[in-house]
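Both complexes below contain chain A, partnered by chain B and then by chain C.
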Partner chain A sequence: MKEFGYTIIKQRTIDYDQFNGRLLNEILLMEPSFKVCLSCGGCTATCSAGDLVNFNIRRMNLLLRRGETAELESEIQKCMLCGKCMLVCPRGINLRNVIMLIKKNISRNKTTKY
Partner chain B sequence: MKKEGKIQVWQDYQKEIASDHYFYVRSCIRQNFFPGSEQTFLKILREELNRDIYENPHHTTCSGIGYHSDVVPFDTIQTIVARQFALMTEAGYKNLAVSCITSFGIYNEIIETWKEFPAELEKVRSLLKKATGREFEVPENVAHASDIIYKFKEDIAGKKKFSLINQLTGKPLKIVEHIGCHYSKMFPCKGVGGAEFPHVLVGMIESWGGEVIDYPERRHCCGFGFRQYLVMSNRGYSLSNSRKKFESMEPYKPDAILCNCPGCPMFLDRWQYVIEEMEGKTYGENGHGIPVVTYEELAGLVLGYNPWDMGMQMHQTNVEPLLDKLGITYDPKLKYARKDGKMIGSPMMVGCGC
Partner chain C sequence: METTPFIWPFTIGLLFISCFLVIIIGIWISSLSHIDKSRIIHSIFTYKSILAIKEVFMESLLHRKIFRKNPVLGYMHMSLAFGWFLLIAVGHIEACIHYKTLSVPAYKAIFMRYFVSGPALTLSEKMLAACMDMLLLFVLSGVLLAYYKRINSRVFGMKKTTQLKLGDRIALTSLWLIFPLRFLAESLTAGIHNNGSIISQPTGQLLASFLPVQSLETPLWWAYSGALSLFFFALPVSRYMHIPVEVILIFLRNYGIKVQKRIDGYSRIQVYSCSRCGICLDSCQMTHAAIKDTQSVYVLKHIRNKNLTDEKLFNCLLCGRCQPDCPVGLELNNLRMTQRIESTKEYNSSYKYLKNGKLNISPQTEVIYFAGCMTHLTPAIIKSIKEIFAVADVKYWFMDEDKTACCGRPLMQIGQYEAAKKLIKHNREQILATGIKKIIVSCPICYKVFKEDYALPGVAVLHHSEYLLELMADKRIPIKKMPMRVIYHDPCELGRGSGIYHQPRLLLNEYVDVVPTKNEKEAAYCCGGSLSNIKIQMDERNQIRNKTLEEYITYQPDMLATACPLCKKTFAKTNKLNVHDIAEIVCMALNTNKERPKKETYLYFHEVKHLEETKIKMNIH
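Coming up: the complex of A and B.
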């Protein structure tokens, strides 16, 4: 590849026509309490990992619903599974299970076809 | 929008275009990128349409690129523009014909400023008088050169040697049009057809037998954007804008891209070459790029002019696929030959789709 001194900037447009809802549907099926999240941000405010590094659980929800799986996979590795988010969640969502399911299903979906 | 709706919009945005006696002002960058386009325009007007068009060698840049890059103040550009108008007044002309879309936007912006703030006009008259001793009149009619070709599109159609028909299939050529942002996005009433659905290039394509192709990013900027290009490290912004358009138009398989701005054909042309070098991706058929032409070049091709005489060898995305579809015969050996037969030298970088 020739060097021109500049590069093509990757588009940040999310094309919902190309959206693959497999991971989202699986999580909602396996942990139905996640359906009632109201994005209050309490989980993020109390997060142990978020206190140390740039990590935002509420954003995990957003990435999941946008189908941005690659970024979700790398970000979710920062969670320490301490469970403090579950203590403050006003909807009582089992967030630790959500995190575990996301990790497990991303890993599994890489090897199985939908 | 349905065709009926567009026709309604086009009727709402009709502008007066002078029919003769033009004072022509050239574009700075077009003379470097596609030097044959302006010469073709003058030839069409003088020899095909028998119109009076005059240009003055003392004409300078309008300084629009500097103005939009925040290095030329508004007072300065107003005075420079006033000097161009002084040259026109001295030559006895009242109708301004502008080659450049940036300049066209600048002239309209300044004339509208003078209408809204007459004190600015008096200030500029005073500044120009002190600086050069010149006086000027505001043009009665300002038209972009593409407006003038649009006005005479049927006359050109009457003289055409080639139609925009694919000779290989017998179907109309599928052409996407790209209008320069400063043509009518700032002042919709100054463009034929307004800002959303400009008719200036659509009219030419349809009159000469082609078919206009709509695509989602049709009105998106080509990516020139002055500050996006002037600094090398920023050029990724420019490149990415053009790429967005190519990705959007590719599924519709256009045969050519038609532009009315000096910058747009340069970037839509060059970036296809750069994307091919960076990603190995081409957007046309059979590994070729999509040929990008100016409206003067397209008019010239329709009128049977030699593509190499119009400087079409300067394109970095090769135009031969379009010439083949039009049924135009050309000698590949003469692509880089001057009229006297001497070679001008072939490019060190191989163009897109070779």
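Coming up: the complex of A and C.
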């Protein structure tokens, strides 16, 4: 392999061979409307929690699709579930259900062994 | 004492059901909290018990609430319940008189016609026998109606009925058989032993003329006893469990016990008191979006069968339209809430990032204004409130203008009660720190949680409709009537949720003409935007909204008024009606003096009509 002189930071690497899509698939199965997200960021712009603290609801989508469950779990706790994101979403995604499903499935996958 | 073998199925069934009820009700009552138990002990020998007895008579026997819903349905229930009760009571009195003792075993009274041969001798016995015949006829009329209801339920004012499971079917069949069998058995015995009364005697003689009554008599009494026994054994696994449990429920309710935020004996009693009549199905708006399996009756059934899924539990607007209709008066929303709390208790957030900063409030501040998250999405409401406050010279502190936590109600509606408590604590400390004694809320969702869960001692929580009415009464804002026909849409959380129906109407009536509609106040429709439902899809929400709008449009109003930013936002998406919050309407009226009204993007109905008339006049097509 050709060396370009860049270094790869191991902690920042996402290895898609190690990717566990379980959570993502569960959520897309339970809430199919989440598939049509176009990452416009309207949800983040209006977010009540995002106004108070560094919380980016659009980033949850990214974390979920990358399988970064640990960070997703700590970040999703900041949501106050007020529902503004759902009302501004141009695709009518049922975001509150997505958030509740993420919370529920993370907590359940921790306790259940497959 | 004379006995016969066929009394045993009945006696064993009766023993079984008595023991079962004593044990299960004992378990439920013992699982109540200490406060609830002391409530029972302190109220049991007071007038509350008398009120409860009265309610049992009116509701469990006469079924007054079902009568109000539909007289035929009410008569069916009354004839079965009250008729059967009288049949037992009068039958027992008759047996007591005949055997001249007060301790008559139950089977003696139930099968009395079999044991007593020969016609009644004394006048009182004759009267009682005739009375029993009439009562049986009364019950049979109810049974006939019940048969007919299975074929055609629309006659009974019900568009939909619930589906039955095996236990229900067994109990229902036995209930349908009990009274015709009793009538036949008594008539046959009358045909043989001549001991019948006004109805059973002629029927018996008629049957005796062409049937081998001697050989049929005992099998029929066996069948009657068997049907009773089958009913008793099927009772615990059927919906008819509501018959005994409802009585307990009425007593506990009168003693002041309510459904708590956890599953306990009382919530179990409520679940078992559901008769699955299906009256709640008709009022549920989820059917407008073709969602037909998440209604209260099904959720209670699934709770009983322990197979409730999140998909069904959370697919409800919690609008509360089913609650006033429930003939048993169950707390349907609260029961669903207890299940939601139980379902989501594993993952409540802690919101550690919330920190109370220093407040900078001038000492003259009269009121706190809390707009709420939803109102921030409808800035016209905030603007109107600000303008009105300027006119009325109200010194206010805008609490959630920037960087404020949510009120906590949306979390609560999903069952995240512990998480909501954190937000409530945060906001509550802020409100109490200001020392201001009045808080105005623009959003009914926030209003309900401020009123019920914030525990703000000495602080008055007012919805802006209440406060504007107050300002108007104090003559701080002028009154200016606009020539407009307006429909007021009751928001669920403000109307059924908090019982505020009149204040917004009183306020609106001073500025516009409020048109009454068919489904308003307690029966008001939900806009479909409710935050309580996390499973419903946007297109389904739109179907519910369109159905609601359809009804409003038939009245051809100039404007649809509401008192909730979420309702406004939901309705305003369609452009079918001109939707405004009451604060905006008041503001509009105040502005008519000063300047020309803003350019309207909508046409009022009277304008459309006028344009059409001019078109006709000018022959334009």
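Heads up, the rule we're going with is that the second predicted complex is superposed on the first by the 103 of 114 C-alpha atoms of A that agree within 3 Å, B and C clash if a C-alpha of one lies under 4 Å from a C-alpha of the other, contacts with A are read in each partner's own complex, and residues count from 1 in each chain.
Going forward, a contact is a pair of C-beta atoms (placed from the backbone, for glycine too) under 8 Å apart; a residue touches a chain by one contact, two chains touch by 3 or more.
This structure is a prediction, so every number in the text was calculated from the model and none was measured.
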More residues of chain A in touch with chain C or with chain B?
C
Applying the document's definition of touch, where does A:Ala70 land relative to chain B and chain C: first, second, both, or neither?
neither
Using the superposition on chain A described above, determine whether A:Ser107 touches chain B (first), chain C (second), both, or neither.
second
Figure out whether A:Gly83 sits in contact with chain B (first) or chain C (second), or with both, or with neither.
second
Now for A:Tyr6: first (chain B), second (chain C), both, or neither, which partner does it touch?
first
With both complexes overlaid on chain A, does A:Val36 touch chain B (first), chain C (second), both or neither?
neither
Check: chain A residues flagged as touching chain B and also chain C none
If we count contacts the way the header does, which residues on chain A are in touch with chain C in the complex?
33, 46, 48-49, 51-53, 77-84, 87-88, 92, 94, 96-97, 100, 103-104, 106-108
List the residues on chain C that touch chain A in their complex, please.
310, 314, 344, 346-347, 349-351, 353-354, 373-374, 376-377, 402-406, 410-411, 414, 416, 423, 529, 531, 534-539, 566, 569
In the complex, chain A residues that touch chain B
1-2, 4-9, 11
Of all residues in chain B, which touch chain A in the complex?
232-237, 239-240, 243-244, 274-275, 277-279
